[in-house]
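Chain lettering (A, B, C, D, E and F) follows the sequence in which the chains are written, and residue indices restart at 1 in each chain.
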């Protein structure tokens, strides 16, 4: 099977800023994203997802390495300081690489 | 006063609180929280709209102006106290001020229920006043942020979206419209579901609020003694202001008690959402713990009877 | 007509629509959508079953045949219009035809509520007719697909599953059974919850439908002028057919208005699910936007009063 | 007896069961299951608390002791039957015994509804007995585990948490408190929502229970003939014991039928949660399939009328 | 710690075809799968998960490389054209490798 | 962009033992975790998430390799035998590595 390398950017963030994150994903040229509802804990404490303020999302973007890095850099600069948010990159293989 | 502890709603709240503190397995899915809060916000609006349909508007003007005045003055007072006495940092002070300026719809529903049961009358436009208190309060808080806190990537349009299109204001105003436009003749089963059954669902929601409060209590030590005291003193001060304004603008004793309670209540839906975007530097733990962990339970259990007693006192002095 | 705009249900729908268009933060979890639609489908069935329990079945035969006839003819007419006039591609034409052949249970509930309030009587077996309209419509659409569109990996058993075991038909028939078997004596609190309170929950559901409609409006430009016109003209045509069939098969004026409205309504639960599997090549944006973005709001706000007026006209001419 | 098959609740259950077996697309989100079970547990408690408010406590002592006795003896008998006759492995036998010792709140609600409709009276403290049956049953099962099954990393504090802070006991006791403390004067709309409408929501919950039962039926062959027989014989035996204890402790015929039904019912909320932690080696498929796939439907459809008939028989003999 | 390499196939798809995807997963010999509810956007537009038609799922299958490739190939051939669906592969390490 | 390698431990488990798993995550020194609700199937049968007993969770922990291995080992020893649970490791890249 013929596959191509792409980068998967995963972001776990408080849900409040979802629309800003999605805007950034589009602006930096990714062609899609996937979101699932999440909860968890980290340096900003426990987030139980029991109410609006406590909801988290897990956002995945499959794209070229450079796009992923640009999004992550932008998010680090703008949101890491004040929001409960983390991000990481991993290498995956896709088919129909022109989609991503 | 002890009597009010036997109210189903209060017992439900205590059950939720205890379940959370004892780490019971009770778990209310977020979808249910969302359903109940949409239902309650609409229902509070509809109940108000139905009452408004039979209100005489000449008695509305003065209390309306008084309410707008409270909406401006309370967050400013709160901010000054937080900064001058509490030495709280600017972003946190501004965000907390927004919470104490704006209102808790559930606390409002509980005070109406308290007065209904006690048999005390209040004006038919109180729900309208509720929404009128919320809007200036958040606007003033944002103004404080813009002038006293570093601005960051803050866009006014974003803020106004938070203000008027936030879930709570939107649904309460929407409900007001439904109740007002439909009137008692047309409201039918919609009225049964949203108004007659309201206290039932309110009780269920308070079970959930108890759970949420219990989650916040764990953060009490992060607040420090000043903010804990503030969480009780500020509502008392706001209630006093509310009662005086109610008295001055010609509200009945019941109306003044309601206005006092709304003034005393602190937001945990509209304000947190707006502040998280407007003042990202502010620490949500502080304003959520103060509002949801201290002021909300205080108001539900002790505050409301106290404010009613305060209104009786002030109306007694004057009368 | 303007009067019907003051109905709580219609205002709720407008609130949802506006919230969506203004990008308010209002958000209704999918679990709640699911709960409300299960509740409504069961409730519509139960209401119908209770009425059926006191129906005389000799008056049922002719309208039943008429309804089956409508269920066959409407999707065929729709398909021909879409192909011949609109030059819509076969898979899309077949899928859209299925939507306009089948029915919207919520629109049905709204027309009953409209007639109840207006004080117009209708036959007690209308809910049975509703399910009888749905089944042939989807079956005919699938037949069109099998004969006119490339077949792909389509299995008949899969399709029949979609047909009879799809959520909407199953729950409405189930509700009919509950209502019919229990009857008014046994239904008790089940009747209070599912029938008496139905309009209250219907209003809440329409808030959600308004939100969903607003999401679809963004895709209007993808439809093109023909499909937009179709989304209004087709229900008018179906309503005319429905009224004539109602008249011809001896339905009362109210019954004919209901039959017209069901004919005019377009599915957004059963048909999309069935078509997504039966005609994967069809573009869901087209059928969902036409059905949910155009025809549904048109029917709720303007269509129902129009069909009632149409029925009055036709019954006036004949009477 | 056939008559009881026409009950809305029973038809709802059959609808859910059939939907699951026919692989209909009907799907009830877990959040809704959660909401309905919280509602029902609270409602069962509140209804009991309101009745308790007017109970005379001197008639309570004997039945209470009898119930505690049943709570101890039934899981022991079940364990012995499972080990001696069924040759079931120790962990599985202990876990299954816990399920048949404890109770199903929904089955309890259905038997009350059955008696209410039949016009048979029962004691006002039955809900209290329900919770009193649950606690010793799970405690005894855990004792069996501690003495007969390898211990593993089991902490007593964990177990007691499962026992008293498990969702079902906590909410039923909480509801009892609400109903008892508020009394009929204060309960108002909370009573309408949680008690008057209870049978409506119970019917909806039974639709869901039908779906869940259908999921379990697929595992029937994993049970083997002994456990299938046990799933029907054990409730019959427990019902007999319950009736005799009811008779001996002075309960009315209705009260004895209720005690018999609770004894016969098997837990599917509290026990599974507790046993999953207390006896991880036990296979959940066995206890869930027996309890939810066999005993629950048996009790709802055939068991309850049988237990009532049994009580009539025994009270007839004695009387 | 002794670990073995396995392939993780992730598929994000509209929920309508869940049962077909699960059938395929079983047919090609995978021993399990995990599903979470999702929403997102891609070439087929925004999927908000607000109603049945708009629900998406994120399906993960941990299996041998060849099985993952077979499933992905089958899905590409049968569903990529007409449905909102993507898939990608990544290499992970498992313990108790015989399970997968 | 400067990134560091970390290990992502993913666990899919029945929800009943969530609190034990979270305790283990903390005890072995991870600084956070993310949970999403899941359903699926495996050697313990189908888990549909329709009721409490059937709920599953998907737990992710981003941490150093050794921590991830310790958690996985602990879980294997204590829970693999009796519970529906799987775990796997993958290598990802993070920024602000000191967080993890």
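What we mean here is this: a contact is a pair of C-beta atoms (placed from the backbone, for glycine too) under 8 Å apart; a residue touches a chain by one contact, two chains touch by 3 or more.
If you're wondering where the values come from, they're calculated on a predicted model, not measured in any experiment.
Asks: Could you tell me the least number of steps, going only between chains that touch, from subunit B to subunit C?
Replies: When the steps are counted carefully, the minimum from subunit B to subunit C is 1.
Asks: Which chains make contact with subunit C and with subunit F at once?
Replies: Both subunit C and subunit F are touched by D, E, going by the contact rule given at the top.
Asks: Subunit A and subunit F share one sequence, so how far apart are they rotationally when you fit their Cα atoms? Give it in degrees, rounded to a multiple of 5.
Replies: It is a rotation of 120 degrees, to the nearest 5.
Asks: If every chain is reduced to the average of its C-alpha atoms, which one ends up farthest from subunit F?
Replies: Most distant chain from subunit F: C.
Asks: Measuring between Cα centroids, what's the chain most distant from subunit A?
Replies: Chain D.
Asks: How many Å are there between the centre of subunit B and the centre of subunit E, using C-alpha atoms for each centre?
Replies: The separation of the two C-alpha centroids amounts to 46 Å.
Asks: Indicate the whole-number Å distance between the mean C-alpha point of subunit D and the mean C-alpha point of subunit F.
Replies: For subunit D versus subunit F, the centre distance works out to 35 Å.
Asks: When the C-alpha atoms of subunit A and subunit C are each averaged to a single point, how far apart are the two points in Å?
Replies: 40
Asks: So which bits of subunit F are touching at least two other chains?
Replies: Within subunit F, the residues that touch at least two other chains are 36-37, 90.
Asks: Which subunit C residues touch at least two other chains?
Replies: Residues 28-31, 34-35, 273.
Asks: All pairs of touching chains, please: list them by chain label.
Replies: A-B, A-E, A-F, B-C, B-D, C-D, C-E, D-F, E-F
Asks: Along subunit C, where are the residues that touch subunit E in the complex?
Replies: Contact set of subunit C toward subunit E: 28, 30, 33-34, 153, 211-212, 215, 219, 268-269, 272-273, 276-277, 280-281, 284-285, 288.
Asks: Under the definition above, what is the set of subunit C residues touching subunit B in their complex?
Replies: Touching subunit B from subunit C are residues 6-9, 11-12, 15, 19, 22-32, 35, 117, 196-201, 203-204, 207.
Asks: Would you mind writing out the residues of subunit C in touch with subunit D in their complex?
Replies: Per the stated touch rule, the residues are 29-31, 34-35, 38-39, 42, 161-162, 165-167, 170-171, 174, 177-178, 181-182, 186-194, 273.
Asks: Inside the complex, what are the residues of subunit E that reach subunit C?
Replies: On the subunit E side, the touching residues are 14, 16-17, 37, 45, 48-53, 55, 78-79, 81-83.
Asks: Okay, in this complex, where on subunit A does subunit E touch?
Replies: 1, 3, 6, 8, 22, 31-37, 62, 90-96, 99
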